[in-house]
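Chain IDs A, B, C, D and E follow the sequence of writing; residue 1 opens each chain.
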C-alpha cells in the first residue's frame, strides 16, 4: 500500500530530526561540565531564554523582523539572480560580461558591503536588503547559469524542432529542467541570507536578531546568545520545510532511486 | 607631570630572569591598545623584569576568553563589563588598577545647531549600542535631561560609525577616541562636552573606565608581578603624556594612522590617562557602579573585594 | 530544382568539428520531395541521415548549399515554419517531468491551443495508441516502446504539413509497429502530408514509401528507387539492397566494414 | 580551424573582464564627485594602496595568509563535505539524519560560530579553520547529495549490471557524473569561504586581510579598506581561474550547446 | 525444474507501484535456459521483457518466485556473478564523459584487467565493429547506431558466460545489424555462451535462436517455439507470429489494441 509507505518515510525523517536534536543537546550538556558556566550555560537556561523569545512579544518581534527581511530579500535575489542566470545560460556573450562581475561580488566581504550600504543608502531596511542581495544574487545567478548549461541538449532541440518561441523554450523546457538545481541553491542561499542578515542588522537597525545577538554577546549573556542563534536555526528549519514541501510537489516526477 | 624616565636597564633586575607574560588586549586603534606599542618600543616591560607579549583581540573574543578564564589576565579590562558583568555571572574578577578614565562624546558637524545633549531630541544619532562607552553615555543623557526615546538612535557597527556621519546619514554620532580625533582631523566636526556633569553630580574627580583586571586565581598566584605591571603601565602613561610627538608617532605606526593626529590627541587629554590602584578610588568606582545600576546595565552592586588595594 | 516543392536540398554539405578536426557528415546532397509525397531515406549507420534532418528542421545550418522547406530557409526563417513541420526523433525525448498526456500536449501548447482542446486531442491519441490507462504515468514508468508511442503521438497531434520520422518505429515490436505504421500512413495520405521516413529497415522503407533514397557516406544520394514504377514491394526491396551495397562499396573515407 | 576558435573565445572573455573593470572604475570615479572624499577616495589613491599591498612584504604577507587559510580550509571542507554528501546520496537513512544537522549548521551565523570557536579551541589558526569549515561543509554536502540523486538511474543500473563494487560505482560513475555540480559548488563556496575568513580573522588573528580591513575601516582609511577588499577579489579571481582551468579539462567531453 | 541450468525462472511475479497503485509486470513466469543455448524472447511492447531481464540481472527483486543464474540468486548473491553475466541494454547507456574506447573498457575495468590489456581489447573490438577511427570520440559525437555498437563491444569485451541482449540491434541499419549478428552468433557458439536475445523482430528471433519464448502480458510464457524441431526459419517465424496473436488475444488487463 502506498499511503503507509509515504507516511513511514515522513515519520522516519521526523524522528531522525528529533534524534539529532536530542543528540546535540546531550553533547552540549556534557560539554558544559568541562567549560566554565559563563561561556557554556546549561540546557535549562538556554531553553528558558529560547522560550522567552517566542512568548515575549518584545523579543518575538525581532525574530519576525529578521525572518521577513530574509524572506523578502531572498525572493528579490531569486528573481534577479534567476533572470541573470537564465540570460547567461542563453548567451555566451552576456555570460562573459556577467561572470567577472558576479565573481567580484562574491569576493567582497559583508564588512565591506556594510560600508558601501551606509554610504549609498539612507533607509535602514534598504541597506539590509542591499547587503543580503549582494551576497545572494551571485549564487543564484551562477548556479542557474550552470544548470541551464547542463540541460540535456536533446530537450532543447525538441523544443526548437517544435518551433517553441524563446519564452516557451524557457517556460516549457529550461525552467522545469533546472527546478532541482533551483531548489538546491535555495537551500544553500537560505543559510547565506540568514548569516549575512545578522551582520547587516548591525548597521542602523535596532530591531532584528543580529542586534539582539550582538547585545547578548556584549553583556556576556551566553544563554541568550545561544537562544537567539537557535531561534535563527528554527527560522531556517521553517523555511527549509517550505522548500522541501515545494520540492516534493515539483519533483514528484523523479524516479525514486533504489540504491546509489 | 614630568616624571623622570626610568633608566632602561636597571642592573639589579637585569640579572634576574625576565618573567614571561601574555597580556590579551583589544586591537588597535582601541583605547586599551594605546600603551602596548609604547611599552614594547621603549622596553618598559624589560625595565620592570617582565617579558610581555601583547595579544590583540577583537572585543567579543577578548571578553569571552577573559570571562571563561582562558586568559586569566585582561590588559584592556573595562570596569563595567569585564569586572561588573563578569562578577555578576559568578566569576571572581579583581580590578587591579585603572589606566584611563572615561571619555566619550557626541560628534556633530561644526555648523550644526546642536549645542547640548538636549538638542539631540528628535534628531538622528548613530551609536554602537552594545558597548560600555554607549552605556555610560546613556547615564549622561539621563543626567542632562535628554530622553533617549525621543532620539532616533541607529545602531551601527563601530567601523561604520564614522562613514555614517561623514556621508551625512545622521545628525550626530556617539564616539570615543581615537575615532573622534580621526573624524575631526578629516572635517569640520566638534564634540559635545558633558563629562563635567560627572563631577557635579557625584562629587568625585576620577571616573574609572578601563585598566587591568584579572581572575582571582591569577592574582593569588602572581602577587609579585602586580606591582611591576603597574609600574610598567605607569611609565608608559607618563611617557605618552610627556612626549606626545614621539609617543604619537609610535602609536600612529602601530595603528596606521597619522602621527600628527595622534600627537594632538595625546595633548588634548581626551585619552583620559589616570593611573590609580582600584582600592584608592572606592568612592568613584562605586559611583560608576551606581550609575550602571541606574541605567540597568548592572543588576547587582559588585562586592567591594573586586577592587584591588594598593599592595604594601 | 523546383523551389515550389515543399522540401529541397541543393548541393548541401555539412561539416562538424570532432576533436579539433573537421568531419564531413554530408557532401553535396541533392534531393527534393513533392507535395504529399512519402519518401524514405535508408543508409548505413553514421551516414548522415539524422544530420540531414537536423538541417531540414533548421537546427543545424548547412556548411554549404541551400535547404528550403515550404518556401522558407528553415534555419534563418525559423519561426515561419511553426506548426508546419513535425518530427519523431530516433530517441523518444519525452520530458521526464511531464506525464504521457502532458508530453503529447507539448506541441499543441507551443501552438497555444486552448487547454481543454489540447486535453481532448491528447486523450484521443492515447486511446488510438492503446495507452489510455497510462495517461498520467511519467516516462520512467513506461516501457521503451510505450515511450516511443507517446513521442509519435506528440508529433502527429500538431498535424504537420511536412513530417519527419527518424527511425520512429525501431523501438516498437513488429505487430505494434505495423499497426501504428498503417494508422500513420492512412493519416498521412488522408491529409496529404509530405513525409520523410528515415529507417534502416529495408522492408519498412519498401512498404511505406513511394520513393526511396539510398544514402552513401558521407551523406549523399547514391541511388533513388521509385517504388511506384516497380512491380512489387519485393522488387523495390531488392533494388534498395543493391543501392546499399553500392554505397558500402563506395564509402572509402570510413572503414566501417567489420574485419 | 579549431585553434583560432578556442583562442577567440578566450580572448573574448578576457576582454569582457577588462571592460567590466573599466566600467566599474568609471562608475566609481563618477560617484566620488557626489560623495565626501573621506568615504569615497579617488581611483589613484585606491590604486596606490592596492599596489602597496602587492609590493610591500609587510602587507603582502596578510594576503598570503588569508589566501592559504581559505585554500586549506576549503580543501578540507571539500573532502569532508563530498564524503558526507556521497554517503547521503547513497543512503536514505544517513540522509535523514544528516540533513537536519547540516541545515542547523547553515542557520548558525558566523557571529555565533566565532563564539563557539572561542569556547572550544585556543589555537588561532584552528579557530579560523573551524569557522570556515562550519560554513562551507554544509554547502558541499547538500549539493553533492542533490547531484548524486540527480544522476541518471540508467548509468547506475549499468554499473550494477556489470557488478561494479560500491567503490567502483562511486569512482567510475557517480563521481564523474557529479563533476559539473562539484565545480559549480566550488565557485559558490569560494566566495563563502573568503567572506567568512574575513570575519573569522577578526578573532585573535593579527595577520590576514580581515584584520587589516577592519583596521583600515577603524582608522577611516577608506582607500586602504577598498584596496584590501579588492585584494580579496583578486584572490577570488585567481582561485576562480584555477577552477575554470580544471573545469575546461574535466568537462571537455560536454557537447557545446549552440543556443539555449 | 533443473537447478543446474544456468538460468531458471520459477513462478516469478513482479509488481511495480505506479502512481500509488500496484502494477503487475510479470505473472507466474516459468522458463529456463540450458548451458550454451541461445534463446530469444519476443512479445509486444510493455509486456515485461525488460523487467524479466532486470530480475535476471539482480537489479530488481522478484515480488514472488525464484530466479537462479549460474546457481546463484542474482539479487541476493549479487557479487558472485561478477564477470559472468553481460548485458546489452535497449538504450546504449554510454557514459558521456568517456570516449568510445574508454566506454568499451568499462566492464574490463570493473574486473581490474590491467590497463594495457584493456586498451588492446578495446582496440580489437573497435576494429571488429569498424569504429577504429572513432576510438577517441565522445558518445555525443557518434551516430545512434555507432553508439549502440560501442555498447555491444563493451559487453562482449568481458566474455560473459550468460549474455543478455535487450533489443541490442534495433538501432542498427539492416546490413550492419546482420553483420554484427553473424559475428556475435559465431562468438556465442564458439564459447558456448548461454544467450538470451530480447527482440521485437520476428525474423531476428527466428534467425538467431534455437528456441523462442513468446511472452504475453503481464510477463508470462504464452508459447514456446523450438526452432530446431522445425523445417525452416520461415516456419519458425510463422509459429512465433501465431504465438504473438495468441498473446494479444489473451491480454485482457491492458487494452493495447489500437482502435
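Descriptive notes on the structure:
Just so we're on the same page, a contact is a pair of C-beta atoms (placed from the backbone, for glycine too) under 8 Å apart; a residue touches a chain by one contact, two chains touch by 3 or more.
Nothing here was measured: the structure is a model prediction, and the numbers come from that model.
The chains in contact with chain B as well as with chain D are A. By number of C-beta pairs in contact, A-B leads when A-B and D-E are compared. Relative to chain E, the chain whose mean Cα position lies farthest away is B.
With each centre defined as the average position of its C-alpha atoms, the distance from chain C to chain E rounds to 27 Å. Separation between the centroids of chain B and chain E, computed from CA atoms only, is 83 Å.
Averaged Cα coordinates give chain A a centre that lies 40 Å from the centre of chain B. Chain D and chain E, compared by their mean Cα positions, are separated by 47 Å. In chain E, the residues touching two or more other chains are 91, 140.
In chain B, 60, 64, 68, 159-160, 163, 167 are the positions where the chain touches two or more neighbouring chains simultaneously. For chain A, residues touching at least two other chains, in rising order: 35, 39, 111, 115, 119, 153, 214, 217, 254-255.
Residues 35-36, 38-39, 114-115, 118-119, 122, 202-204, 206, 211, 214-222, 224 of chain D are the ones that touch chain B when the two sit in their complex.
Remark: chain B residues 59-60, 63-64, 67-69, 81, 85-86, 89-91, 126, 129-131, 153-157, 159-160, 163-164, 167, 169, 297 touch chain A in the complex.
Residue ranges on chain C touching chain E, taken from their complex, read 16, 18-19, 42-46, 50, 90-91, 127-130, 132-133, 136-137, 141-146, 149, 167, 170-177, 179-180, 183, 200-202, 244, 248, 254-259. Remark: chain D residues 9, 12-13, 16-17, 19-21, 24, 35, 39-40, 89-93, 96-97, 99-101, 103-112, 115, 118-119, 135, 138-139, 142-143, 146, 148-151, 153, 156, 169, 174, 180, 183-184, 187-188, 190-192, 194-195, 198-199, 210, 213-214, 217, 222, 225-226, 229, 232-237, 240, 255, 257, 259-260 touch chain A in the complex.
Those residues of chain C lying in contact with chain A across their complex are 54, 57-59, 78-79, 81-83, 85-87, 89, 91, 93, 95-99, 106-107, 109-110, 138, 140, 158.
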